[in-house]
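Same chain, two partners: chain A is paired with chain B first, then with chain C.
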Partner chain A sequence: MRIEKCYFCSGPVYPGHGVMFVRNDCKSFRFCRSKCHKNFKKKRNPRKTRWTKAFRKASGKELTVDNALEFEKRRNIPVKYNRQLWDKTVEAMRKVEEIKRKRQAKFIMNRLKKGKQLEKEEAISEVKKNIHLIKAPHAGKAKQLEDKMVQKLQEDVDMGDDDI
Partner chain B sequence: MTRVRVVDNSPLGNTPYHRPPKVIHVYTKNGVGKVGDTVLLAIKGQKKKALIVGHKMPGDRMTPRFDSNNVVLIEDNGNPTGTRIKVPISSKLRKMEGDHSKVLAIASSFV
Partner chain C sequence: MALYNFKKIMVVPTAKDFIDITLSKTQRKTPTVVHKHYQIHRIRHFYMRKVKFTQQNYHDRLTQILTDFPKLDDIHPFYADLMNVLYDKDHYKLALGQINIAKNLIDNVAKDYVRLMKYGDSLYRCKQLKRAALGRMCTILKRQKSSLEYLEQVRQHLSRLPTIDPNTRTLLLCGYPNVGKSSFINKVTRADVDVQPYAFTTKSLFVGHMDYRYLRWQVVDTPGILDHPLEERNTIEMQAITALAHLRSAVLYVMDVSEQCGHTLQEQLELFNNIRPLFANKPLIIVANKCDVKKINELSEENQKIFADLSADGISVIETSTLTEEGVMQVKTEACDRLLANRVETKMKGKKVHDVLNRLHLAMPAKRDEKERPPFIPEGALMRKKAMEVDAPKRKLERDLEMELGDDYVLDLQKYWDLMNEDEKQDRIPEVWEGHNIADYIDPDIMKKLEDLEKEEELKERAGEYDSDDESEDEEMQEIRVLAKQIREKKQLLVIESKEKDIHGPRMPRTAAKVERKKLEKEMGNLGLDMTDKDESHYAQQARRSRSVTRKRKREASAPPTSKTRSQSASRPPRDQSGLRDAKMVKKTKKMMKNSQKGMNRQGKKGEADRHVFDLKPKHLLAGKRKSGTTDHR
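Entry: the complex of A and B
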């Protein structure tokens, strides 16, 4: 028993689910549900249909090159049965799954962090552009002028002291 | 009168003829032929028996659907006429009782 991958959406096809189609060039296609099957019959390209994993990987939205993903590749050489190997494989599968998930999540988080930065910059520029809605244009100017005059007077006084 | 695609390498099945091979009789109780049923074909002006190995019609759950109605030429005693079958064959044939063992033996891939 083997859990295959759907040709269209790359989702898991469990036994008893989905449809299998064999084309006349002897290539077989598995589909997880009729949604994928119908899209295939409409000749849609999975690499261009936005909700499929094929699209996400092709457009760099998800982790593509990683050691953890190498474990999922199909091996065509049967391995001799060894009970210890079997037990260790089951444990390893669990750990690899965990690591894979964390790495995929990290990848997506990193991708989305740039969005936060861009948002911040946009907010700042928006505030600068529309500051007139919050603050009147000559709002702090009078006080600034006063402070400057006070400072100048202070300087004159100091200069006067120095002379004397 | 379904037109059918012969998938073995028998000379009768592969020599071109101006009319495609057609099914003229189905050896089942109801006239519907599925994978593993014998049918009578009219090929090159002769009558010949054949075994259905894959059809376009959706069949049992967990069986593949093929892009064409594939058929393997067979003698009256169940021996296949050709020596090799390159096209993938529905693995339902393996489970079915009936002496298709010789046909299974010359098939190269199962789906």
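Entry: the complex of A and C
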């Protein structure tokens, strides 16, 4: 019993689900649902269909080269059953899964950092250009000016007093 | 070798079928249409063709029958004799002869009528001739009905005869009925012959095959023979006699020591002596069967004497029991050995041997030193050789286990696995964990790889890759963000407002409309300016002044415009020149205007606003079968 991968979207195909198509050149294609199957029949390239994993990996939106991803691989050398080895493998799987998730998340975060930078700059430019929509340029300055004037007058008066 | 052809004899149809087949074939395969007004040679040709076609068919089919059935003179005398016994040589030859005669007669009939037809002068005459010809041919065949039936039965029986190769190594079992011949063959070969308590259970010859010393051996089981002279023997017994007479084999004469077959030992001895002439030049063994019931030394004096006499004659007597299997192997080995020796002897006496012998030369290496170099036979080979001679007990099969346990039996193939630890064989192996296949992760080096990975991870963590970088932004940045948000909201509001205005008519610039004081003060107040106490401001005063002035004056006849003052329409440039700098721009503008009208004009629309559709559901787009294209759209 194996969980296969859908040829189109790279999602899991559980036993009892999906469709397998075998071509005349003996190549077999598994599909997880009719959406993928229909897309395949329309001859669409999964590497260009944006919602598939193949696209995401091909266009660098997800982590592709990493040591943690080398653990899950189809090997052609059969290994005889050995209880110890199987136990260790199951434990190792857990740990590897954890590390893999961390790394994938970090990769995506790094990719999105640039967006945050752009956001900042945009905010700054927005404020610079359109501040007049919410605040008049010399709002509050009138009062300041008045205060200044008052202060100056006061000073003059003081100066005048001093003179006399 | 005519052996295997017995199965390939074509089916012999019954007379009625034969006639039907041929006639319908004639009707189908020859042209059917002919008219009175055709030219006479054409009509003649038409009917002649039919006659000849029918004759040809009969001829072919009958010839095939004649060639398929074996000629008794051409096949091995054993088979010839067997067929004689089973089918009576005379009857057989007669039947085939009749068929031959029928064939010749049909040919003659056809020839005659074809000749006659040359003189047929009308369609009717030719047709009658053809009818007569076909009729006569069919009658000839109808008379062969019994021959054809007989031949069909012969064919069916012939194809079911066992394939006995008369030239290869054979063991022949003979004796009274019920002595144990069929049990013997069942034990020694894979044949499954009926064994029943009544006499003449075996009614014909049966063949089984066995291997000994890397050679194939035939074992032939015969029906039992009773003791009476040759002439009185029936068909079944004659088969056994034929086999004895013609097959060059080792003979195993089976006797029943316990006399359970219903005949005494004396009678069995009598029979033996009677058919002894048939055993000339053949290695003979006497099989004293059913020794589990009675052994030879338990017999009476006289009976023991019989056996002693036989042994004294030089014939080996071996006690066997097909029930307990003792002695069976011994018989087998001895019979095979003696037969081989016999065959080798005969070959040596023959003429062909010298050719071969002259070419053979056995080279013996000269002795180098006194060291003994005996031949080395590996143990496995020795054991296997021993197992061939003695019937080794078969190892316990799964099937035996299943029979033993009955309902409790469970097929457990995991017990045959070859693992390092024996006690892990019954483990239930996990296959899937959380959407991943465990088999994809199995690797003898997995622990090492995991260690490396964890080290890497640790390094990365120490280097600070996984620190969340939420740079705490300074206050200024936060303020800016808040302001930006407000700006965006304000923009959206403005857009919505302008959409809701719903202006009919031309859009006037802002300056054309009057701005109310209250509104102005409110707006500016929202933008943060202090608008209280603004009665003395300029705009308020202007507003008061302008009110007194902008009262409607009485309309007087307006003075006609002098040359100095131009009418407003003249002061403004005409619409197709306003806003255009130079001739190039004018040209471009004109072009754009024409371009934008192209679509409208081509579709025959009255103007921009003409959206009338003359044909809402055009038939050529919506009706009809889909020739090429998909379900996505029509």
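Quick notes on this one:
To be clear about the criterion, the second predicted complex is superposed on the first by the 133 of 164 C-alpha atoms of A that agree within 3 Å, B and C clash if a C-alpha of one lies under 4 Å from a C-alpha of the other, contacts with A are read in each partner's own complex, and residues count from 1 in each chain.
Rule of thumb we're sticking to: a contact is a pair of C-beta atoms (placed from the backbone, for glycine too) under 8 Å apart; a residue touches a chain by one contact, two chains touch by 3 or more.
Everything quoted here is computed from the prediction, not taken from an experiment.
Between chain B and chain C, the partner in contact with more residues of chain A is C. Once the two complexes are laid over each other on the shared chain, residue contacts for A:43 go to neither chain B nor chain C.
Of the two partner chains placed around the shared chain by superposition, neither chain B nor chain C is touched by A:114. Of the two partner chains placed by the overlay, only chain C lies in contact with A:75; chain B stays clear of it.
Residue contacts after overlaying the shared chain place A:139 against chain C, while chain B stays out of touching range. Interface of chain B with chain A (complex): residues 54, 58, 61-68, 86-88, 109, 111.
The touching residues of chain A, when paired with chain B in their complex, are 15-16, 19-24, 26, 28.
On the chain C side of its complex with chain A, the touching residues are 417-421, 424, 427, 429-444, 446-447, 449-450, 452-454, 456-457, 465-466, 469, 477, 480-481, 483-484, 486-488, 490-491, 494, 524, 527-530, 630.
Residue ranges of chain A in contact with chain C, taken from their complex: 1-3, 12, 42, 67-68, 70-75, 79-83, 85-86, 88-90, 92-93, 95-97, 99, 102, 106, 113, 120, 122-124, 126-127, 130-136, 138-140, 142-143.
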